[in-house]
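Each in structure tokens, the structures are laid out below.
One chain, chain A, appears in both complexes that follow, with chain B as partner in the first and chain C in the second.
So, the complex of A and B:
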């Protein structure tokens, strides 16, 4: 699986390789520690299978039961109404990922390379806190900022830059701004992890050969952080795809992502089969988009491997 | 760079100021200041129930995820076995699979097996969503663990369980704690999946807040948000001071 997230990235102590023997004596706790994890994995798989199964069943209007097998959900999805939502979602996710990358890289770099501990902590706290605030609080804060009586408009109106309030809520611009705010922390954390593992010796070598700091950055640091950039972009894409409260509240029904559609069809129309079909399509779309992104950015990934 | 940091902090500050607005409007800047929205936020019945439910779900999910995730991270770090990659992939999948998909899936599953939408479904959902973070945190801690200390204990005659209790776990304590903390905070604030799997009875705080925002537009939510922000930021600052968030998030300098 191309996008399987993996834990195996760092081994600073060169610990011995995992035990290969099936001898129980050499693998204490194996059963006890693995079985619960297997149970969780099974539950997750069954839940996904349930969605898959529902996606090919018909809806019986007015009831929570499902009918027989049918492909109507699939064909219905191809209708412009829904296809547009998919296209919009992909575009929003892409845009958000790129903007987050552009804004996040300087932050990540400063976070890793600054020597002042207070600065480091400050950047870390400020960047990570939004991640833990939960979607509703974050999104709501943006409503206060972007609303017609909100912060942005008040400042712009009072300073006379504009005469009428700017419509930011319920627009793609507003949703994008809020989504970037949501995704930025994730990108910064991933980039910082990648940048922190770049061997400073490479940069020192470049400097000793006469390159100025800017040139060193462009020709050594940036390429070496390639894999981190790719990982950050793909994670940002997947993360943004999962966003629900932000497009729902800031978009206000005018800007819809797949997540909002699923909720609407599930809880407003009780059309769970179609909602499930949308989920399946959404998942496939996410994996496909990430696959394409990684394919296109393959050169960047290769450079950074050292 | 300061601008970028400013961008991140901006909503928090704006909301902070708006929360003290005396008028029942979401206007900015506030004309008169008052604390009444804070009183309302704390005393609102739905928020109280939501807080209570959220706390129950959070405690259950975070500890269950801690045990399962911590144990499995141990297995991933030390052992090889058939299906390891698959299992690892499945458990880390919630990082890529959207929350609404997981939520919908568990909702459908619960409906199909006839389970009532009580706390169980919500806890199961949160455990699945939060497990990857615990796994990551404990795994990083394990990778940074010097196994020679364990080998030393074993060579002095300790059984594996004793080594685990007296050497491994204490050394892992920071990673375990931060993993638990992440799990707890993420579970408490989890919204999208919770929206799908909670019922009126088991509503968590974020769901209650969402329902409130959809109906009322007064600064009560702003007050609640301020409380959230202050508490979270404090928790994280404390965590950073004692544990070093950088280490946990794997952003420490390699040399």
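So, the complex of A and C:
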């Protein structure tokens, strides 16, 4: 997963001028091919700048035009409701990331290490297929499964395990289950890539020195898959932060994430400036959370460099 | 297969490149799905037959289209726009609509008072947001004669209402406290008291229908047309008209300022208000016609929430001033989110 800089980039300190021209000679279309990326980058920057300037403008009730410069949107975010939605969002993202990791690791491990082709194909199909369905389709199926008359409750009621239907829809539990389903394929694919990079000889060496399979896994395989775990966790976190349809449909307005608030404020309240301010705050919070996560997980990532 | 693809691509390019075939073309902005079909099969059909002009649609959500119209101010993408009465006021406030010359819409003489929204936009059809319930899933013997019945403790955890527009309940709570929507704060304690009865809030028509169909929320503040739609799918639902009136919703039509087909646009609006077209719309969608001279089949006319007589329009509807609603929707919604939903 980690890119080794020395292999891919020409070190500018090492004889800079010839290196650059050699670089250009080797990749004559480099400039031309980067044009689309630059255009996209410019468009995104302009869009972000527009959101940024909207976030400090006043709302005019009954109109979509925005008023003058103001900080009201930023101070309004400090109200308990909004602070709570931000905290809930971070919590849901963490929960989703960790559960996806715990569920995804054995799957990814079996996917890479299984010698049985049928098992491999089965795991691959089961994990990757959800990616081909849209988020909305997947979420609707969860509504059918989690509802009071849904699959889970019907089975539990019929088998006599519960007397009253479990309230799964419109709760944090329900939203988390659906979010994990959305994130799991990505986490499995990332973990599988990391695990496949671990040289099985390390594990054999551990075994030859007397370590049992459990100890080998804990002391060799797991630490070596550190970069994959870090990448999987942070991607799942950021991925979940932008979730919209899942909390909207499974949360039924009772479990709200930042994206849902942005939608409600923009599309139901016509308060675009406040919605923009929430977008900016959400973006900053994602950066901050990922930065903190990376900081905390850095030791793990280092172990994995092999 | 390849040849087929190439030829269909060529055909597509030709069709795109030679739109001048059609004599004249009117562009209509509306919601997609069943709404576009409704317009296409009723008013657009008659309009095409009468004028020989062609009709094209640009579709999208209410606010998406408003945003697009705002960006294209002065050189609009569409000639005629369908939207809700209060969002129509946002179009008008932003100077996106023509002032309507009623002399050019002779059929508007029969327009009901409640559909004369502003000098810029008028009703195209009407519906109500009212109490809809599943008789098999609510406590036996419960009746919805008044909006106050929604507050009954037996309905704990059974209710749903739209989270995108809270104006219905805000106006109802104010009314139950003897105030008008403008004095909505008088009903705020009552709204908070409704909190335990909510099961969920729905974000769109599809979610509302699903919650009703699967019984998750068997009592709803629901769009009458949606209720009749799921009833036609075999779901046992009842539409109640409380004595305070059902909250009237009017979808509207306006002509875009800067349209190059203003005359044709007037003809389209006039066709929309044709009694026969209004009858067809009411029959398909189970909504109210907005003209007094549409003759509905008795089977349709008798449905609760379909208004055909002046008495029904007066007594059975609860009207929230559309302009007030356009200005206050955001504030109400925000208050509701902060105090009831969360």
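Here is the rule we go by: the second predicted complex is superposed on the first by the 279 of 306 C-alpha atoms of A that agree within 3 Å, B and C clash if a C-alpha of one lies under 4 Å from a C-alpha of the other, contacts with A are read in each partner's own complex, and residues count from 1 in each chain.
What we mean here is this: a contact is a pair of C-beta atoms (placed from the backbone, for glycine too) under 8 Å apart; a residue touches a chain by one contact, two chains touch by 3 or more.
Since this is a predicted model, take the numbers as computed values, not measurements.
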item: Fit-or-clash call for chain B and chain C when the two complexes are aligned on chain A; value: clash
item: Touched partner set for A:100, first chain B, second chain C, both or neither; value: neither
item: Partner chain in contact with A:110 - chain B first, chain C second, else both or neither; value: first
item: Partner chain(s) touched by A:73 [first = chain B, second = chain C, both, neither]; value: neither
item: First, second, both or neither for A:149, with chain B first and chain C second; value: both
item: Broader residue contact with chain A after superposition on the shared chain, chain B or chain C; value: B
item: Which of chain B and chain C A:170 touches, first, second, both or neither; value: second
item: Touched partner set for A:266, first chain B, second chain C, both or neither; value: both
item: Which of chain B and chain C A:249 touches, first, second, both or neither; value: both
item: First (chain B), second (chain C), both or neither touched by A:289; value: neither
item: First (chain B), second (chain C), both or neither touched by A:225; value: neither
item: Common interface residues of chain A - those touching chain B in one complex and chain C in the other; value: 64, 143-144, 147, 149-150, 249, 266
item: Contact footprint of chain A on chain C as seen in their complex; value: 61, 63, 66-67, 70, 89-90, 93-94, 160, 163-165, 199-203, 207, 210-211, 214-216, 323, 326-331, 333-334, 337-338, 341-342
item: Residues of chain A defined as touching chain B within the complex; value: 1, 3-7, 9-13, 15-16, 18-20, 22, 27-30, 32-34, 36-38, 40-41, 43-48, 50-51, 54, 64, 103, 106-107, 110-112, 120-121, 123-130, 132-138, 140-145, 147, 149-151, 154, 181, 184-185, 189, 192-193, 196-200, 235, 238, 241-242, 244-245, 249, 258-259, 262-263, 266, 272, 275-276, 279, 282-283, 286-287, 290
item: Interfacial residue positions of chain A with respect to chain C in the complex; value: 59, 61-65, 79, 81, 84, 143-144, 147-150, 169-170, 248-249, 252-254, 256, 264-271
item: List of chain B residues in touch with chain A within their complex; value: 1, 4-5, 7-12, 14-15, 18, 25-29, 67-69, 71-81, 85, 87-102, 104-109, 111-112, 124, 127-128, 131-132, 135-136, 139-140, 143-147, 160-161, 164, 182, 185-186, 188-192, 195-196, 206, 209-210, 213, 221-222, 224-225, 228-229, 232-233, 236-237, 240-241, 245-246, 249-255
